[in-house]
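You will see chain A twice below: alongside chain B first, and alongside chain C after that.
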Partner chain A sequence: MNDTEDTAPSNELGEIGLVSYADFVSREPFTFENGRIIPEFSLRYETYGHLNEARSNVILINHALTADHHCAGIHSLQDRKPGWWNNMIGPGKPIDTNRFFVVCSNCLGGCQGSTGPTSINPETGKLYQLEFPFVSIRDMVRAQKRLVDHLGVSKLYAVVGGSMGGMQVLQWGIEFPDFVGRLLPMATTSQQGSQAIAFNEVGRQAIMQDPEWLQGNYAEDGGPKVGLAIARMMAHITYLSDKGMDMKFGRRRRNEDINTVFSFDVDFEVESYLRYQGQSFINRFDANTYLYFTRALDYFDLKGQYGSLEKAFEDLKSKVLVVGFTSDWLFPPEGNREIVLAMLRAGKDASYAEIAMDFGHDSFLVESPDLYKLVRAFFSDD
Partner chain B sequence: MKRASEKRSVDMQIILDWVEPGSRILDLGCGRGVMLEFLKQKKSIIGMGVDLDPSKIRAGVKKGLTVYQGDLEAFMGSFPDSFFDRILCSRTLPELSHPSKIIHEALRVGRHLTIGFVNHGYWKNRLGMLFEGGRFINEVYPNQWHDSRPTNPVSIKEFEYFCSKEGISISQKVYLSGDWKTPCRIVPNFSAGYALYDLAR
Partner chain C sequence: MNDTEDTAPSNELGEIGLVSYADFVSREPFTFENGRIIPEFSLRYETYGHLNEARSNVILINHALTADHHCAGIHSLQDRKPGWWNNMIGPGKPIDTNRFFVVCSNCLGGCQGSTGPTSINPETGKLYQLEFPFVSIRDMVRAQKRLVDHLGVSKLYAVVGGSMGGMQVLQWGIEFPDFVGRLLPMATTSQQGSQAIAFNEVGRQAIMQDPEWLQGNYAEDGGPKVGLAIARMMAHITYLSDKGMDMKFGRRRRNEDINTVFSFDVDFEVESYLRYQGQSFINRFDANTYLYFTRALDYFDLKGQYGSLEKAFEDLKSKVLVVGFTSDWLFPPEGNREIVLAMLRAGKDASYAEIAMDFGHDSFLVESPDLYKLVRAFFSDD
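On to the complex of A and B.
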C-alpha cells in the first residue's frame, strides 16, 4: 500500500517566458464536413518545450470558443497577461514543458491568425466573411491533424482541452484512434444541450441585429461592435457561477455613497466587469467567427452523429480522463460523466474525476491545486 | 498501520482465488485502488473502481487504473445486466446507504458478487459492548464514533439470513478468525472476525 499522494514536481516551477507563433500553410484543398472545399488554409500555432528524438512527447492543446493558439508564455515583455493556460503549462507545471512538447493552434475558422471569415478567399481575392464554409468541431480537428503531420509527429502523447476544446479532444479520439495516446477533456459535453444552444442564439442575435453587421459584410475596421460586446457580456455570465460572482463582486458599487442619484450608468462592480469584458473582446475577436464557432458548438452532437455515444466511441483506443467541475452549469458534471459511462459501456479505458470549485464553467482555467495534481497523476502513470 | 495491511492481504488473497483471469471486475468503494491493482497484476483483469473521495480517485488515476468518481448506485444503474463478471464489495458493506438495493443491483450488473465484511457478531465485539459499554478501537477501526463515517454493522448470522430470505445463492464463503488469517469453521457468528462471500443470483 505504498502510494504517495502526490507527484512531486521534478523541477522548480518556471515560466516559459518569451514565445512566438508560427503559421502552417496547407496547400492541399480542404473539404469541410458540409462538402464545401477551400483550396488552402493556414493555422497559426505555438509550440513550447522540445520534441524528443522518438517524437513521442507531444501534447496538443485545444482551445475553447474565444481563446487562441497563445496558451502559455508572453509575446513581449510589455504583455500584461501571459497565454490563457499559462498556469497549467510551463517548466515544472502540470503540463510540464521540460518533459513535453506542447502544440496549440488557433482553430480553423478562427480570427487570430488561422484561416477564417476574416481571411481573403484566394479564389475571389475578397474576404471570405459569410462565404466561409460552415466549420464543425470535426473540421477543426482534421485541420489540426495536417499541422501535426507537418510537424513530423506520428502519435500524440495526449490531447487536452476544456469546453469547446474538450469537444475537439473527444473528436480527436474518435477520428484518429491510433494517433492519440491519451485524451484529457474537461468541462465539456458530448452533445450541446438546449440551454447552451439558447445562450448562443441570444449572442448571435445580438450580433446579427446590430445594424453594423451588414449581413456579415462589414469592413475590417467596422463591424457589429455593440452586438459583439453584448454577446460576450452575456456569454461571460454563463462561464461563471452565482457563488463565484458573489465572491468576486458581491453588491460592491463604484459609488458607495448611498445618496447617489439613481442612474442607469455603471454602478455595481459586476456591471463594470462585464462591460470591460465586452469592450476588450471587440478589440480581439471577429463577430463572424463568433457566429461560426457558436454554431460549431451547437451542431456538436456525437450521439446524433454516430447513432449512440457507445457507437461514437467504438473505435477509441486512447486512455481517457474526463474532468468535470461541480459549479459548471454550462457543461455540468452530468454531461461529463455521461461521456465516461458511455466509454466504459463501450469497453474503453476511461476515468472520471470531479473538481469541487466555485468558479463555474471557467473553473478549468483558474488556479486549482486539485486540478494540477490530477493532471500530473494522469501523466505520471507510465 | 502495518497490522492492518497484513490483515488486508489475506482477504485479498482469497478474492484473488475466486477471480477468473481476464474477467471484467467492478470494485465498489475502490479507495486508492490497491485491490484493483493487485488483481490486474495477478490475473490481468479488466478492472474499474468507483469511489466518492476525490483524493482516492486521484491515487487510482496515478496508478493508471480506470476509476470513476461518483455514487456507486448511479454508476451501476448506467450498465446493462451482467455487464461485469464480478462486483467486489469488500469492506464497503456497512457503509452503504441501501444495502439491500445495492446488493440486488450489483447482482443485476454482475454475474458474481464478492462481499467481505467485519463480523459484528465476533465475540470480542460482543464483549466490548458488554464490558466496555462501547466499541473496540483497533488498527482497522482506529476512530471513535464521532470521527468516523456512519456505519451499519452486520453479523454473519444477519447476512446469511438476508441471503436466504432474498433467494441469493452463496456459492463460496470463507470465515476468518480474529486475526483475519486463520480459517475458522466453528460457530462462525461468534468466533469469526471477518467473512467473505461469493454470491450469485
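On to the complex of A and C.
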C-alpha cells in the first residue's frame, strides 16, 4: 500500500466517526472545597477507543472554560463540526484511539449535561442557579476521579488538557500522585494573574449588570444573553493574538468606501467575526456557569494554596511535559515555564516545550505538526 | 539658594497652579472628511505660559481617547487632581511653560466642551446625538488648525501627543507640513490594527446593546451607563500591562479566607480598581462620543489612505521623534518603529526611542525620568 501514501496521506489518520455520550451518576454526597455538600451529581462524558485488559491505556482529557465532554467525533452525520479536539484525538492521531481509551467529561458545575447551576437541586426541586456551591479546579478533579473509579480504572496512563484543562491536569498530579502516569498541561498557569482576573471580572460584570440576569434566577429560555455575548466577544480576543488577528482579519472591510460606510454598524471583518462568536455562544452556554467557571479560574493559585510551587509539587510522581505557546498572552510562556522550573527544583521528571505559533492562547487547539510530534513522543512508551 | 536644593528638590519644578479654559467658536462652516457640513463649531481649550513676541514658542498638545483640554494645572484649589499631563507640563518641566506657550483643546466630537454629539444642532435646535457627522483624526486636526490660526500663530514649535493624540500629531505633519516644526507622537500607530478594532467593537457593543442607549437618543442625565462602564473597564485593561498589573495588584484580596469569601462580589483588588474606573468614567464621559472617537481610531490608516507609509510622509517637513514603550501591547513598539522606518526611507529627519517601562500603553502618562530627558533634549534648540 506504500504507493498510495503520497496521494492520500490523510487516510493514515482516521476519524472516530459517530460517538455518543453517557451520564455517570454519583449517588454519594460530594463535599466541595468550600465545605458545601450536594447529595449527588452526574457527569456527562464520552469515551473513544477500547479499554485494554490491563486497564492501563486510559487518557483523560480535561476541557477548557467553555468546552465540554465532546472532544472528538461527531454525534450525527448531520453535524457540521466534530468535537473540539478532533484534530488531536482519533485513530492514528497524536492521541491515538487505536491504542488509548480516551475519556472526557463535562466539568462539575458545567452546563453541557453535568450537574451545575442549570440542574435541579434534589433538595428543593428547583434549579440550583446561584444556590450551586462554588466550584474549584480541585472540585472538578475530585468529581472526575469518581467517574474514573466507576470505569474500573486503577491508574490513568495520562491526563491532558489546555488552559483551564491544564489547571485540572496539574491538580490531578497533586491530588492523586499514584493514580496518574503522565501529565500533559498546555497553555496554562499555576496561578491566575491579575490581568486574567481583570478580564474575567469585566465579563462577569457584563453578565451580572444585564437586567435579564435577575440575580441568576432567569428562566431556562431567557437569561442575560446580551451580557453573555459581550463577555464572550471580549474573552475571544484574549484567546487570539495581535499578529494572528492581523493575519486572519487585518483591516479587511465589508465596504471599502470610507465616506459612505463609516458607521457604527459592522464594517470590519473582525467585527463580524466577533459578533458571530458572541451570538453562537449564547445559544450553547449558560451565563451562571460562565460566572462559576471564571471564578474557578480566578481562585486557582497553587503557590498561594501550598505556600510555594515546589511544595505544591512535592508529592508528584507523574512524568510531566508542559507546553507553552509563544503568542499566548493570556497564559504566557513564562507562567508555563515556571511550572516546570518548580517541578525540576522539587526533583521531578518534568520537561517544557515552547511552540512558536501565532494563534495566541488557542494555539493548543490548532493543527500543529510540532505539537503533534511532541505529544506522540511523550506517549511513545508504555 | 543652592543649599536648599537637596531638601526641597521639587521646588525646581513649579506647578502651573490655577488655570481656566476658554471657548473658541468658529462661525465658518466645517466640512468633515465624509462630506457632511456643520455651520459652526466650538473648541474648548486651555493655554499655559506666554506667547512670545515672535509667536514662535507654541506647543500644541493632542489628547487621547478619553482625555480633554485640561492637561495641566488645577481649576480650583479644591481640585483633587491636576490636568492629565501635569507631570509633563509646567514651569521647569519637560514641556516648560517658562519657555513655551502650551495649547490643548478638547477634540471636535468631544464631550468636554467642544462641539460633538452632546451639543445643540443649530439647524434643528435639538442635540446632535447620532446626527453628528462621523469624525476622523483629520477632522480633529483641521478643526484644531482653525483654533491655532485664531490665536494668531503662523507656525507651531511642536505638536505632541500619545495614543489617539499621537495619530493627530502624525496627521498634523502630513496636513500642514510647513506649519509644524517638530512632531512628538508617543505610544501610537499609523494604522489601527485588528486587535485594537476588536476591543473597540466590544466596547461599542456594550454601549449600543444597553437598553438605555436608545439608538443614541438618551436624555442628558440618562444614557447607557452600564454599557459605558463595561466598555471602560475592558479598555482600561488594554492600557495597562500584564506585568504592571501583577506588580500593582497581584492577587491581593479584600479577604484572604477563600472558603468564606469565594463569591461573585468584588474580592480581588484589581476588581475593585476596575469597578471604580468604570463608575468614575460614566460621570464624566458621553457614550456617543465614545462611539465616535473609537470609530475615528478604527478608521485611522495612513497606509491605506495614502497607498504606503512612505507616501503618507513624503511632504513632511517637521523634525520627528517617535517614542514607543516596551510594555505597550495596545500600540506595540513595532507599530511605532514602523512609522520612523517609513519616514527615514522617505528621507525625513526622524528618530525613534523606545522606553522600557512596565505601565503598558499608559506609560506615556506616567512619571519617567527617561521620557523627560528625551523630551527636554528634543526641545533643546530653537
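Rule of thumb we're sticking to: the second predicted complex is superposed on the first by the 365 of 382 C-alpha atoms of A that agree within 3 Å, B and C clash if a C-alpha of one lies under 4 Å from a C-alpha of the other, contacts with A are read in each partner's own complex, and residues count from 1 in each chain.
Everything that follows uses one rule, which is that a residue touches a chain if its C-beta (ideal position, glycine included) is under 8 Å from a C-beta of that chain, and two chains touch if they have at least 3 such contacts.
Remember, predicted model here, so these are calculated numbers, not experimental data.
Contacts of A:A377 after superposition on the shared chain: chain B is touched, whereas chain C is not. Of the two partner chains, chain C is the only one touched by A:Y299; chain B is not. In the superposed model, more residues of chain A are touched by C than by the other of chain B and chain C.
Judged by the touch definition given at the top, the superposed model places A:K155 against neither chain B nor chain C. In the superposition on chain A, contact of A:R55 is made with neither chain B nor chain C. Using the contact criterion defined above for the overlaid structures, shared-chain residue A:L344 touches chain B, although it does not reach chain C.
When both complexes are overlaid on chain A, the residue A:H75 reaches neither chain B nor chain C.
Once the two complexes are overlaid on the shared chain, A:R275 sits against chain C while remaining clear of chain B.
Of the two partner chains placed around the shared chain by superposition, neither chain B nor chain C is touched by A:R146.
No residue of chain A touches both chain B in one complex and chain C in the other. If you check the complex, the residues on chain B that touch chain A are 1, 5, 8, 32, 34, 46, 48, 54-55, 57-70, 75, 78-80, 83.
Those residues of chain C whose C-beta lies close enough to touch chain A in the complex are 33-35, 134, 191-195, 197-199, 201-202, 204-206, 208-209, 211, 226, 229-230, 233-234, 237, 240-242, 245-246, 248-251, 258-259, 262-264, 268, 270-271, 274-275, 278, 291, 295, 298-299, 301, 304, 329, 332. The touching residues of chain A, when paired with chain B in their complex, are 1, 3, 5, 7, 319, 321, 337, 340-341, 344-345, 347, 349-356, 370, 373-374, 377-378, 380-382.
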